[in-house]
Amino acid sequence: MSAAPPTAASSPAPLLELRGISKTFPGVKALDDVSFAIYPGEVHMLLGENGAGKSSLMKILCGATSADAGEFYFKGDKVAIASTADAQKLGIAVIFQEFSLVPFLDIAQNIYLGREPKGSFPGTIDRRRILADAKRVLDSIGFDIDPSVIVDTLGVAQQQMVEIAKAISQNARILVMDEPTAALSDREAELLFALIGRLKADGVAIVYISHRMAEVFALGDRITVLRDGRRIDDLRPADVTPDQLVRMMVGRNIDMTYPRHFAEAPGELLLQVKGLSSTTGISDINIEVRRGEIVGLCGLVGSGRTEVARAIFGADPVAEGEIVFDGRPISGEPDIAARRGIALIPESRKSEGLALLRSVGDNLVVSALKKLFPSGLYDPRGAQRTADGLIRQLRIATPTARQTVGLLSGGNQQKVVIGKWLAAGAKLFIFDEPTRGIDVGAKSEIFALIDRLVAEGAAALMISSEQIEICHVCDRAYVMRDGRIAGHLSRSELTEENIVRLGMHDE
Amino acid sequence: MSDTAVVSPIRSLQRIPGVAIVLVLLIALFGAVAPGFLSAANLSNVLVQSTILTMLALPMTLIIMTEGLDLSMGAVLTLTSLCVAIVSLATKSMLLGFGAAVLVGAAFGTVNGWLVAIVGIPPFVATLATLGMAQGLSLIVSDGQSVVGIPHSVRDIYSANLLGIPVPVIMGLATYGVFHGLLYHTRFGTYIFALGGNREALRYAGLSPTRLLIAVYAIGGTMAGIAGLLMTARMNSGHPTAGLGLEFDAIAAVAVGGTSFERGNGWLLGTVLGVIAVGVLRNGLNLVSLPSSVQVASVGALVIVAMFLDGLRSRS
Amino acid sequence: MTDITKESVLPPRSLLSQSTAQVFYRLLAALLICAALAVLSDSFLSLGNILNVLRQASLTFFIASGLTLVVLTAGLDLSVGANVALSACLAGTVIHQTGSPTLGIVTGLLAGGTVGFLNGFMVTALRIPSFIATYGMLWVLNGVTYWYMAGETIHGFPAGFRQIGSGYFLGLPIPVYLLLVFLAIGTLFAQRTTWGQEIYAIGANPVAARLSGIPVARRLLLVYTVSGTMAGLASIIFLSRLNSAEADIGESLTLPAIAAVLIGGTSLFGGVGTVFGTFIGALILTLVLNGMNLLSISANWQPLVTGIIVIIAVWLDMKTRRPTQ
Amino acid sequence: DGETIAVFTKNQTNPFFQTVRVGADNMAKVLNAKVLHYIPTKPDSIPEQLSQIEDVVVKKPSAIVFTPVDYKAMVPGVEKINDAKIPVVNITDRSAGGKFVSFVGADDYSLGLETGRFLLKTLGGKGNVVIIEGVKGSLTNVDRVRGFNDALKENPGAKLLASQPGNYQRLQALQVMENLMQSNAQIDGVLAANDAMAVGAIEALDGANRKAQVIGINGTKEAIDAIKSGKLLASGDYNGFAQGCLGTMMVVRSLRGQPVISEIVLKPTVITKENYQPFDIPLEQRTCPTFEDASKLGAK
């Protein structure tokens, strides 16, 4: 942020300019006459609610989707971007919100997919060079891993790093990042920010989509705000406050402090985990959750939070220990946990949370079938009513309940995953990264919702990589390190520093 | 570097498929109880008998890796085998017959690819339909009869030896070598992983999944053409039912060999082991002369047990 | 792994009953074939022939209807034909030895259901992919049947029993009534029960279904058992129609049943399809064979023509489905 | 004594080959030899039978009794047996090549002709007739259907309405018959290339409440029962039992240096309501013909 950001006045020729872009999907006007200019050496933040059209705009920019109307100008010349190949020729690289990695190829092959160095025989690959090149790129982003590791064995965060390496390796002049930190821990995010600084200095233009306000102000040189597919404004971070930005995005005022109605006295004991160990690498976990509480579960990525959540829900086999729920021990498959009143909002909505090809409505009622239709006879109209109610309650942006859920924007998909457990009437909600990829407005709505649920006697166990969220909304929190509980923080001790101190590896 | 240490043993563990264990067990068992099983002549029998299926199962592995399937392979092999017989009978030239078979096979493969990649019909349905077509054409061109009297040059391919090794075994090894190189060392092979694993990634990389898919199915058809030559040589005639049902044997070999039907994870050597395991089982049972119904049932049991062991491995 | 361009081609899975357009176009395809046959052959439109087609379609439909549920869960059952053979042989033996058709029917259904249950067990507990598990089962069943029958046939059943397959009631063949009953049951089960909905959900994404609290293993066991039981039912119809059982009757039944499911628009990837579509699929296949017999077309042409019809039916379906979005 | 005889048959599902196997077993017991059966796991599979030959040649039985799954395609297999110097007798379908000690089979053409003649005689030389064929291209089917057609030619008053394949399968024959009845209001006679299809056709006729004279070929137990009850007009005796017996007998005799008959073509018998009794005995209770009977049964 040392170099003065170029402005439209100081450098009149943008690197790339999009004019009058429109795009309609069946039932959705995703983009409406959006214009957008990118200058070399700047970080251009793209903000907007879930479904505002950010990803759509970026897909058009990189040729993955075609626009219905609009023009592209590269260094002042009109160009066509009809395919990803066109975009690549112009030096545009993208880090997608959805991974574009091939699971059973290694890291190096993924980074250079379609650009493999030629081997000595026609059609073959120069194996030594691809590994060496990949290693160099990985080193440059500070990701220390063997490039011959198969991508499928990597965790989400590691895959995100490979995705970044893939984009960097293209030596792009324009680099688009769609929520790159959504799956990263703070340490990895720091690496990424440092990298962005270096690229900027080299004159690379960066388009950065994020829902995290802190990032917007720390990284951004310029901000474009989208709302309902329209460009609202184009401004500099220095000229606005977070509150103003939020108002531009959602068109109303949002309280970003997530007010909680903390209960005076803790309720009765709902969940008790005693000495839990599972085959997935967690051991001796002791956790208590009372009615009316939101309990945080924090730690670094890979510290085993997800595994604790899955073991409680019965998704992973328990090796040792006991789980007592609502006064009775519980064990077995997730359907038993669900019947007893536990809900798990999983980490990966696409692979674990949703049936992407089914409708929003089908997905919303799937966990509640037993509750809604105790006779076993399914009534489509009843289901429709329930779904419509949830869509309204959660403000899910979808034309109808019949829309295929895979066509919703990322954040709205996340709302559907949360919504399905509301219909089921769970008593304990286990949230694994519930706000990943969710816009500020929706975030506060979700927290308000969780607050109301616990006020009505439910309880929540919440995993989040955004420690600030934990600090805001949790009554207390457990901190994990290397598959064990490293400590417990009461409401008064709950600060970001304490979480980091407990969660860090021994130094 | 700590990540590698965590990751690679898991990978290599998963790579010992149940079929390898089963194969070793079968060889030990028959070696002990079946006289003559371990003789060189008999083992070379097993290998020779396995070549035709290997030639179908290897391309089938690639097709399954793209989350596809080719049910037409057996029927196409039947048709190409008839082509070899009919053309070489008419022209007295083995090479012309072989050329015709490869052309017909490649044509069918391309049509399969076209139906799947461009028309967008699911592979199972598309190739079920071309199965019918190839079967129908076989009946029509042969009028349901065997085609005999073909030149001896065709037959010699199956029975000849090169440096004391049967030619079919050499062809099988060569096929494996080519497929191994193709899948693991070429760009095309890399893209096959991507076709099943993440087709979108290919598109973003500026490559056309359509053309690649067509190529994969065309390879399948072409291999059926080459195998057709061996089949005709083996029977010294063409017959309209010769290859019926071979596609299911091939698919079973691929699955037993540890290739998954999802996400583009394939293993060529496993496929070959799968083919050989079934061959060893059949051969061994013929030598110990149990009732034929036992033989039928044990083919099924082999498939189930191998897959079960595989499941145990990947779970642990 | 998401393929948005592919997704946007597919219609939204509706919350109400399955899209009527889809069923409509399938019916249209069947009607087109009928129209062509009516023009080409005088005898096609006779009531006798239409009942004939329905009766022949019913056998394929019984097998294919249970299979539809399996395919909806993204599975496949390749053992249905072999299951029909074994169930028929067992049921035939029981009728012969006890003289009681009822006991025979119970045996057939039980045998079929047990085989289905074993398939379900392999798929759920042993986690073997269904395609392979049922392929293995196919060989095991064949082996058992060959051993049990030892090349014999069982033939000659009581007249009352024979009525099930070849009898008439109010001018309609009894299998046609059974067909209508099971069409209704299958459709209601799939569309109007929570179990049906859960089956669709499992097919669409088994991991998400499990984490949504659906007892995936139990539902899969149910589905495979139902598929096996329907094969058992088919074996009874078969037995009473043909008045005999032998070891190889199942061989030619499996692929047509799968073809009927697929022509009927059920996706092998799971989560999409209807039982009614399967009925139309069975009908289309039967019409093709019936037409070729009526027109005395050489049997050599049958596989070729069937193959082409399958392609055209599926292609038409895809074309007509696109605009309905 | 104690020779092992490998007996090859086409499949485990067709009752005919069971009669062949029982005949072979029966004869082997009489001659104090041991029989091993080789049957493809996939019915009539050419590659599988070829593999079985290759495997058996390793095992070296004393002799082989051989039914080719396809009479042309199995010639390379027979040559392998010849190369291994294992004596082999050919039964049922006459192989198109290779050296055999002897051939034992029935005359399919005469069976088709005689049964066809019998049906047409019963119909008075006229009427509408359909043929239900077996598997296209199989030796038995080609000759049987040729026999049927020649019988029809001898009776110009009879009309052939259709000749459609039922692939030797009961269900297919039933459905073909149902469909044929739709386009043909009057069918008087049905010539089926085997008994299973004949019985399938009868079921179709029964279902439609129509009557026609039906004949089959093979003389299976089921056919005999149907003849007894009057549903089936007649069946041509293919006599698998005798084929199994005599094939085994010839090969064992050649091993023991006794004289053999190089070709036995069993004379066709049309089994009807008049003469079915000798065929109505369970297989296990039948006794194999002796060497002296063999020449009477049809030595050439």
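To keep things simple, chains are lettered A, B, C and D as they appear, and every chain counts its residues starting from 1.
As a convention for this text, a contact is a pair of C-beta atoms (placed from the backbone, for glycine too) under 8 Å apart; a residue touches a chain by one contact, two chains touch by 3 or more.
Because the structure is predicted, anything quoted here is derived from the model rather than measured.
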| item | value |
| --- | --- |
| Any chain that touches chain C and chain B | A, D |
| Per Cα centroids, the chain farthest from chain A | D |
| Intercentroid distance (Cα basis), chain B paired with chain A, Å | 43 |
| Chain A-chain D separation of Cα centroids, rounded to whole Å | 72 |
| For chain C paired with chain D, centre-to-centre distance based on mean C-alpha positions, whole Å | 34 |
| Contacts with 2+ other chains: residues of chain D | 12, 41, 136 |
| Shared-contact residues (touching 2 or more other chains) in chain C | 1-2, 4, 139, 142, 146, 299-300 |
| Where chain B touches two or more other chains at once, by residue number | 139, 143-144, 197-198, 200, 203, 263, 291-293, 295-296, 299 |
| Set of all touching chain pairs, with the criterion as stated earlier | A-B, A-C, B-C, B-D, C-D |
| Chain B residues within the chain C interface of the complex | 115, 119-122, 124-126, 128-133, 135-137, 139-140, 143-144, 197-200, 203, 248, 251-252, 255-256, 260-261, 263, 291-304, 307-308, 311, 315 |
| Chain C residues touching chain A - in the complex, by the definition given at the top | 1-2, 4, 7-8, 10-17, 191-198, 200-201, 204-205, 207-217, 271-272, 325 |
| Residues of chain C that touch chain D when the two form their complex | 41-44, 46, 48-49, 52, 55-56, 139, 142, 146, 149-153, 155-156, 166, 173, 238, 241-244, 246-249, 251-252, 289-290, 293-294, 296, 299-300 |
| Footprint of chain A on chain B - complex, ascending | 1, 3-4, 7-8, 10-11, 181, 185-188, 190-191, 193-194, 197-198, 200-207, 263-266 |
| Chain B-facing residues of chain A, complex | 62, 64, 83-85, 88, 94, 96, 98-105, 109-110, 113-116, 119, 123-125, 127, 144-146, 149-150, 152-154, 158 |
